[in-house]
Structure formats: C-alpha cells, structure tokens
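Both complexes shown next keep subunit A, but they swap its partner, so subunit B is in the first and subunit C is in the second.
Right after this comes the complex of A and B.
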C-alpha cells in the first residue's frame, strides 16, 4: 500500500472514530441538562400521570444505556428518529431548513475568504504605507458590529429607503409552483432575496481572513525567497502570487472552522431577514429539549468541521510540497 | 587596455527613514574588469550590499540613487526602468547569488520552475531550452541533472547553495554578484563553492563581484578589492597592493583584525566603536571617530579617493594622512601618535 493510501485510510478511520465520539458526547450532554421535552407541558399545567405516560411512550423512562443503544442502532440503519415536539421525522423537519442555511452561508463564507485574502494581500504587501495602516480599518469596523445590527442597517438602507431589495424572506409569497424542490433556488426572485443576507454574512466575517492574510503576507514579504524573487526581476504580479501562496496556508486552516461556526452563528442574520434556515429552529429545539433534532443538527455541524479539516489537510500537500505525503 | 565591464563613479545612495535621509553609500568609485574577481569588503551596514543591489536595480522601496553613475559595458544604467533592466541587464548580463541561499529558494517551487520563471521574464527561450541550460549548470556545480525538478527541501544546505549558483549562471551572465555567498556554510563547503566560482572564471571568463565581511576570503580569491567603511570607500586597488601596502587606517586595521595563519601568535587588532549612521550629506571622513590618527581636517571634509603608491594604477585611498598613517601604525601601533611622537621628541 502506498503511503498516500495508508494516510487516507488512517485519517479516514480517525475521522469515523471522532464522529462517533461526537455523537456520544452530544447524546450524553443533552440528557444531562435538566428537564426534557415534557417540561414545558408541565408548566402549562399537564398532570403528572399524563407526562409520565408521554415519557414512557417516547422511551425516556428507560435507563440511559438502553436509550443510547436504540439511538445508535437506529442511526446505523439511517433512522434519525422523530421529533417529539413536532411529531414529524427529524429528517423531514431539518432537511430544507439546513439546506437553506447552507445555501446562504457556504457561498457567502467562501466569497468572504476569497475577498479577505485579496484585501490582506494588497494591504500587507504595502508595508508601512497608508493603505496598509488604514485599508483594514473599514473591514474591522464593519465586523465589530453585532450581526443583527448590521442586518438591520442593511434592511433599513437598501430595502426600506432605497427600495432595491425585499425586506425579508427567501421567496415572494404566492410565487409560481415549481415541480422540483431545487427549482425555486434558480429563480430571480430567490436571487433578489439573497443579496442582503449574503452581504450581511460577508460584512460580519470579512475581517477574519483579511487580518490573518495581512499578517501572514507581511511575514512572507520579509522572507529571503521573496527578496530573491524581487532581485531576479520578477514583475510585481508574479511576486504577489508567490507571496499569496505562502500566506494562504493559515487562512486555509481556519476556513472550514470558520464556515462551521458561521453555519451555527447566522441565527441572528436569519432571524432579521426571516430566512427559513435551521438557526432559529435549532434555538427552539434546544430550549424545548427536542433531543433527536438537536443531536442531529449539532452532529452535522461537527461532522462538517471534522471532514473539512481532513480535506484541508490533503489540500495543504497540494500547496506545500514539504508537507506532502509522498507516494 | 579595454574598457572595464562595470564602472561605478561617485555613486551616492540614500534611504528615506523616519530619522531623515540616511546616506548608505557616498561618492563610491570602483570598476570591475572583464574576467576579474573583485571583492567588496566592510562591516555590516557599510553600504556594500546596497551598492551591489543598486547595480541590478534592486534597492528597497525607500532607497534611491542620489548621484553618480553606474556604467555597464560603457552604457549608463543607473536610470534604467524595471523594464529596461529586465530586457538588457538582469540575469542575462548581471546575476545575483544571495546571502542566505538556504532560504532564498522558494520552498513551494521546484528549482526548474524557478528557472523557467526567471527565463521567461528575461529571454524568449523555449521552456525546453531553459531546462537544458539549467541541466548544464547543474552539471557544472556538481548536481545530478535529473534533480532540477526537485523541491528545495529535498536538497541539503550545500546542494541548495549549488542550486542557487546554477540559477545565477544558467543564462550565462558576464558578471555575477555574490552577496556573502559562503557566510552560512562550514569551511569545507566554502572551499567547494570557491572551487566552482574559480572554475566558472576559467571556463566562462565570468567576472565576480564578491561582497563579504571576511577580508581573508578576498585576499585568497580576488584580484582586486575595495574596502568600505560607513558609506565611503576607504581604499581600493589590486589585492596585492592593498594587502602589502595599505594606506587607509581602516584598511590596515581591518586587515589586522583577522587572524593570519603565518603569524598565529599575533594579537588581533580591535577597532573601537561602531560605524556611524549618516543622516544627510556626509561632510567628514566616516572613520574619523574611530581613527587614532584623526586630525582636524578629517572632521571638516570628506577626503577624496586619491591614487596612492606607485605599485598599481587603481590603488587609491581616501585619507588625508595616507602617506604617514601606516608608518605610524607600524612604529607605534594603534595609539594616538602625536602624543607618542611628542614624548619621543621630548626624550631626544
């Protein structure tokens, strides 16, 4: 077996093990919190006997290891369970909401990182210039505001005053029915609803890649190989490309983590724009102790981080031959 | 005699700094002949690297040539634009061996990729032709031709040094500038590097401008030498003339600061103090404050570089007391001579 294959297999097994740990931790964690999904009904005045019957019906009266075994075996068969609060299968409940969040956050964060890398390269390469000192300030300034405030400002300015975009939602009410589930995402109506939430995500997170890239570029600019490229007479474009390649490694490292954080962190932006994502539903599910829903969503986010870290590890090798796993 | 390959005349270079305009090189003049090995010596910060960078238009962004001329094969090049430098000069005529060869190769690029990039900027050669040239040079410096596609980290330190020499030579320049090429290497590697440089001198009639703080390296391998102190050239001339008949106090004290294998028990000279930082016009000899023989005149104006001795036409020193300084040093050592002289006269 070549060392590359072995590397992928070992890392793959590690990844599966880590995912199992996460799954178990989530299971135990949420059950350690006081109360379960019947607690709110108790507040509403349901009788103790009725609640006990309900708990028995959902298996919550059984010992933890029995519940855990059932959960794991069901999961292994692809059964995510049913939400006791909404009385619908978990998959049915989360699938479109998660997709809506993903379609907002993933492109916006990818764009944020590309733009941030560009800003960092330009400001960092002009060490000591006014551009380097001041160019980053607007980016940090905008990123310093809370997400909900940024979103409200965008709504007030571009939706209410200038009337360029709709104030909220993902699609206009009463739009034409489309046959496929993905049809609506290709319409102009979706596009026009997409602009402001997308901008809010970019503004909120742009400072992270910009700052890291700038620091990284300043460091690489001072290295001997950059000086050598300059003395050989390479045009500035070529030189910046080399610098950016070196400097992009730290930015690449935090990209998947940042993306996963944003997936969970856009709840405020989603709320202001009334975006039908998973964020708000997740908050409700945690408060309502909707175990199957919260376990699955948090698991997906964790899995996303772990798997993309694995992919970034492989990508490192493509960029930097020194950490490449040789065949 | 034919025209020198490189002529530098009254070159002044300044850097813009927060403390004012720093003079890094002031009125430096020297020339390098075809096939000659020329050593430029001095302490750190004396302006030797700055002088060399100016030749290939590689000054840092805050530095500029404030006066004087640089002529290459008779053509003035100090005002060349980046484009002209790339078309006419860099790498095809004048190439560079950097100070820290271990870190100067881009770790993310194969050596051949780096050569292709340099070749494309400076020539119209095909990729295949560039690779062939690099392979030939790998042969010359004793690396396997098949290794041109390696990444720098696959080479040992000495091999990286040789690869960077190959990169300096593959477009067949007439002048190679080597900025402390052996500083980071052990003596065995140093010796090998000079073997390669000597071979290219014999084979290709290449000229070398060697920048170093180690004057013994220059005495061993160079035909001519210029010794710089704090922006000024203290003394220059053929290596023999400067070695046997030094006329500038800095030159002979610098020389005596290095051990000599023939006189192992000799005390090494210590030059007190540090080179000054010169802001604005330089209107004195920059060695004045460290010189035991300085007189009033030395503070008031910078001594011009004037021919000394009759041993060699290029031998020149910039010292008002070049006629007597070495004699005083020989007789009394590096102490204030006037006091000694008076004491001696009193004794008589």
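Right after this comes the complex of A and C.
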C-alpha cells in the first residue's frame, strides 16, 4: 500500500498548503477593502482624533505584514481575535450562531441528497417514459423559485393561514430554562420551529442531486453490466440497487461542496424565519466592516470545502486505484 | 482598373445572398430545430414574452408606480384585495401592484441579459484560454476557477458589493464576476477536445495564428455550449439579483420584482396582502424555470454525444 500512503501524504500536504493560501488570501482581501469598522462611526459624527486613536488601539495603523504576523501567531495559539463592533471574542460571537446554522443545514441537505438520489434513480431508470420526461419537472420548478420566496410561501400558508407551525424563531420566547446548552435542541418546541425552515432547504436544493443522479443513472443503465444483470434475471429492485451504487459517485462528489454552499446560501431562509444562525450575522458583519468575524466565518466555510474535498479524494483513491497515480 | 470595379459593384446581389451566409443559415436552421421541439418551443416563447414585457411593460402600466390610489370615498386603498380597478390589488402604501409588476419587468430583463452576457463572456474567455493555451496559464486559471467554485455565493456577493458600492448595476457586475465558474470548466473541457481534431492541427500546420484558430475554429465549435450557459446564466443572474435585493444590498430604488417581495416582507402584511408578493415571486420562478428548461432542451438537441455536464451546470 505504499502508493496509497504516498497519495495520502501528497494530497494532505496539498490540502494544508491550500488552507494556508486561503487564510492569507482572506486576510489580504479584507484588509484591502475600502474603510474599516470605524467608517460607520465617522458617519455617526465621531472626531478624526478619536477614530485615529481607535485605529491605533486595534493596531490598524501598522504595516500590513505586522498585522499579518500578529494574526497568524494569535491564530496558532487558538486566539481568533475580538469583534471590534460587538466587543466580544470572535469565537464567543460565532459559536452558537454557527451551530444553529449547521444543525439546520446539515440534516436538511443530507436528507435532500438521499431523497434526490432516490428521485434520480426512479426517474432515470424509466428511460424514455413519461415519468422520466415529466417526473423531474416539479422538482426543477420548485427549485427555480428564490429561497426567500419559497420560505415566505411556507410561512404564509402553513404558519399564518393554517396555524400549524410558528411563523419565526428557533424557540418560543420565555421557554423553560435548561441547564445544558444542548438541552433546548431536544425539546418539542425546537422541533416545531424546525419543520418549515427544514422544508424550505429541501425544496430549494432538491433539484441538484435529483438531476445529477438521473443523468448518472441513465448513463449506467446503458452500460454492459446492467444488461448482464438483466439477462441473468435479477429482479428489478436488486438491479436498481446495483445501478444506484455505480451511479452515486457524481452525487457523492458534489455533496460536500453543496453543503458548504448551502451554509452560505441559507441566509435567505434564516432571514425569513428569523433563525438565529450565522447567515444573517455574516451579512451584518460584512456591512459593518467587522473583519475578524467575517474572515473567520469565510475561513471555516472554505476549510469545510477543502477538507471534505480531501476526504472525497481519499475515498476515490480507495474505490478506484487508478486515481492514486499523480495527476 | 474597370475590371476590378465590376467585381465589387453588385452589392445588391450580396445583400440577396445574405440568407446563404453560413452564420445566418446555421442560425435559422438551429432556431427551426428548436421550435420543432414542442417543450423547448414553449419555454422559448415564454422567454420571448417576458423580454417583450420588459420592453413595453412600463408603457402598459395603468398607474404610476408611486401614485397612491384612493377609493371612491377618498380613503387610501391600503393593501386592498384584487378588484376591477386594481386586478392585482394594492400595496400597503396604496400603490397599484399590477403597475409595479409591469414596470418591474424591465430591471429583471436587464439583469438577465447583462448578467447572462457577463457570465458568458468571462466563462468562455477563461475556458478557451485555459483549454487552448495550456501549460502554466491553464494551471493558474483552473486553480482560480476551483477557488471561485468553492466560494459561498451570497456572502461573497455581499463582500464584493461593499467593494463596488451598493447599486443595481454593481449587483449585476458581481453576479457576472462569480457565476462564470461552471461555464469555464465545461468550455475548457470542450476546447481540449476540439484542439485534438485534425482541422485544428491542419490550420496550425499551415501557419494560422493563435488568434485566427481561436476565432475561426474553436469559437464556432464551442458556441452551442456557450449559448447553453447563456440561457442558464440569465436564470441564475435573475435569481441571485432578487436574493441580493431581498437582503437589502442591491438598490431598493430600482423597482424590480425582488424589491416588491422585499417590501411586502418588510411591511409585515405578507399574510394579509398575499397578492403583493405572490405575482412577482411567481414571475421570477417562471422566468428562471424557463431559462433552465430552455437551456436543457437546447443542449439535448445540439449535443450528439452524451457527455454529461450536469454536475457543472446544475450546481452553478
């Protein structure tokens, strides 16, 4: 397995290098943006001397490489810095918000991909039938609406008119105090707030895995081994299981990227449902030039994509030995 | 030199023969092929209809978009349900929804065409350059594409808008600067294939310049795929612009359909005055769906080989 070991080491080093590159790129990008967090205070009428003092206090008047070095050394010690706008450590500010977004997006996207793979397999296996041609159109149709509009429709119909679910928020105000931080996530109250945002995520993204899986299934159905299975008289259910297994690689590849993108894209759904996630906080942070927060959140999302691509590559290397050879 | 003049004189004949020009012939042939397919034709006519609405919509609007409507008794028609005078009802401030919808068609069409055009131009340029030039240029361009590919769309769009300044046109520019990524990948792959064909090698052997080969041989052969990405780009641009508008980072003064939904949502009268946000939302959805389905139908017709580009197109 030495070639496999080599493959892991090479790809691992590449991954670490990419992470560093992204970290640096984000640093440079946000420092070169027009204005800093004092811009809005200037608009509010703060004096020029007070702003200069504030910039000096936060080290914004020093050369870029000094700031960069401080940023990297702090980061190495696990210090993410402080939000100059909210005056709290970045980690304190983002941790619960990120968790709230993650707990909405990760299960919803996983469910979306499983359901999409199922829809893709069913529609793709009936080649040339009405089901293949028309079955996918409702899925694409729903996915063509902007996420915020889907969410608004869900709120108006199921919360306001039918009164089945709460219109917004993650937990009812004035709920019972729980001792642990994860306690609220296990209550029925959370569950009932969870249904509509979850549905919105599924509706918005379902067409992606469905279409990719359908195309992939159509391709695999045309290959010789499928025909062989048909000739051996294997029942249709078993045959579809074989096909789905072969056809699932493209869907698997795009899953982590899709998940990471949804972490950013869910901001629209969070806004409509007033979900206390990172999405809306990020929009506010960008507009308020709160760089430490923005930089960290962007880095987490980017790192998520990079690391999961690394894991998918490894998985590929295990499944298909030809890929281990350096590209 | 009278003989030469005689050759270049008959301009009228050249004009008559314009229908024989290969570009016109291909265009007409392609259009006919597309319109013969019933589904693709249907989506095509929907898109033509919406574009037409973008041109004439503001002229058809029965009222001004900021003209407060009054009832017969002189009260402001605030969030009035659909009636004969106001077929789509009125907004909370008493504006006519139908008028705003008709006027809002224009910014939406402009967003689609400009955004789609930018996506097409940047994506095709990067794809062809990377595919044809190869070497280090290709590596750098494709690593850059990979980077843009992993970027979360909406947060990054907002960052770029703060760079360029909030506005209608800057939001379109931002869309173009991000969404070219899917097209660049596929067009590069196509260029790599075309580069291997004998006619390109022959052209190179006879001393054709790089520019000539790209314009005369590569471009016409990637054009169908580029048009497919134009169709998708139009849809994605409209969707993303509406999303940025909804978050309040595109101009709220351009009365697009996205602004209508944002206003309805912010008013807090969403559930009571459902007619306010329903029609703009439906129109955005139908437009995006039509571009997508038209693009797919078109791609089905033009690609003989079943090379799958699904992963790069769907997840743009």
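Rule of thumb we're sticking to: the second predicted complex is superposed on the first by the 311 of 327 C-alpha atoms of A that agree within 3 Å, B and C clash if a C-alpha of one lies under 4 Å from a C-alpha of the other, contacts with A are read in each partner's own complex, and residues count from 1 in each chain.
Here is the rule we go by: a contact is a pair of C-beta atoms (placed from the backbone, for glycine too) under 8 Å apart; a residue touches a chain by one contact, two chains touch by 3 or more.
Note that the structure is predicted; figures quoted are calculated from it, not measured.
In the superposition on chain A, A:223 makes contact with subunit B only, not with subunit C.
Once chain A of one complex is fitted onto chain A of the other, the partner contacts of A:265 are limited to subunit C, with no touch recorded for subunit B.
Of the two partner chains placed by the overlay, only subunit B lies in contact with A:234; subunit C stays clear of it. In the superposition on chain A, A:107 makes contact with neither subunit B nor subunit C. Once the two complexes are laid over each other on the shared chain, residue contacts for A:276 go to neither subunit B nor subunit C.
When subunit B and subunit C are set side by side, the one touching more residues of subunit A is C. Looking at the shared chain after the overlay, A:257 reaches subunit C, while subunit B stays out of its contact range. The residues of subunit A lying in touch with subunit B in their complex are 223-225, 227-235, 238, 242, 245-246, 319-322.
By the touch criterion stated above, subunit A contacts subunit C in their complex at residues 22, 29, 33-34, 137, 140-141, 144-149, 152-153, 155-156, 160-161, 207-208, 211-212, 215-216, 219, 250, 253-254, 257-258, 260-261, 263-265, 267-268, 271-272, 279, 282-283, 286-287, 289, 294, 297-298, 301-302, 305-306, 309. On subunit B, the positions that touch subunit A within their shared complex are 53, 56-58, 82, 85-86, 90-91, 96, 98-100, 103-109, 117-118, 121-122, 151, 153.
By the touch criterion given at the top, residues 147, 149-156, 158-159, 162-163, 235, 239, 242-243, 246-247, 249, 258, 261, 264-265, 270-271, 274, 277, 281, 284-286, 288-289, 292-293, 306, 308, 310-311, 314-315 of subunit C touch subunit A in their complex.
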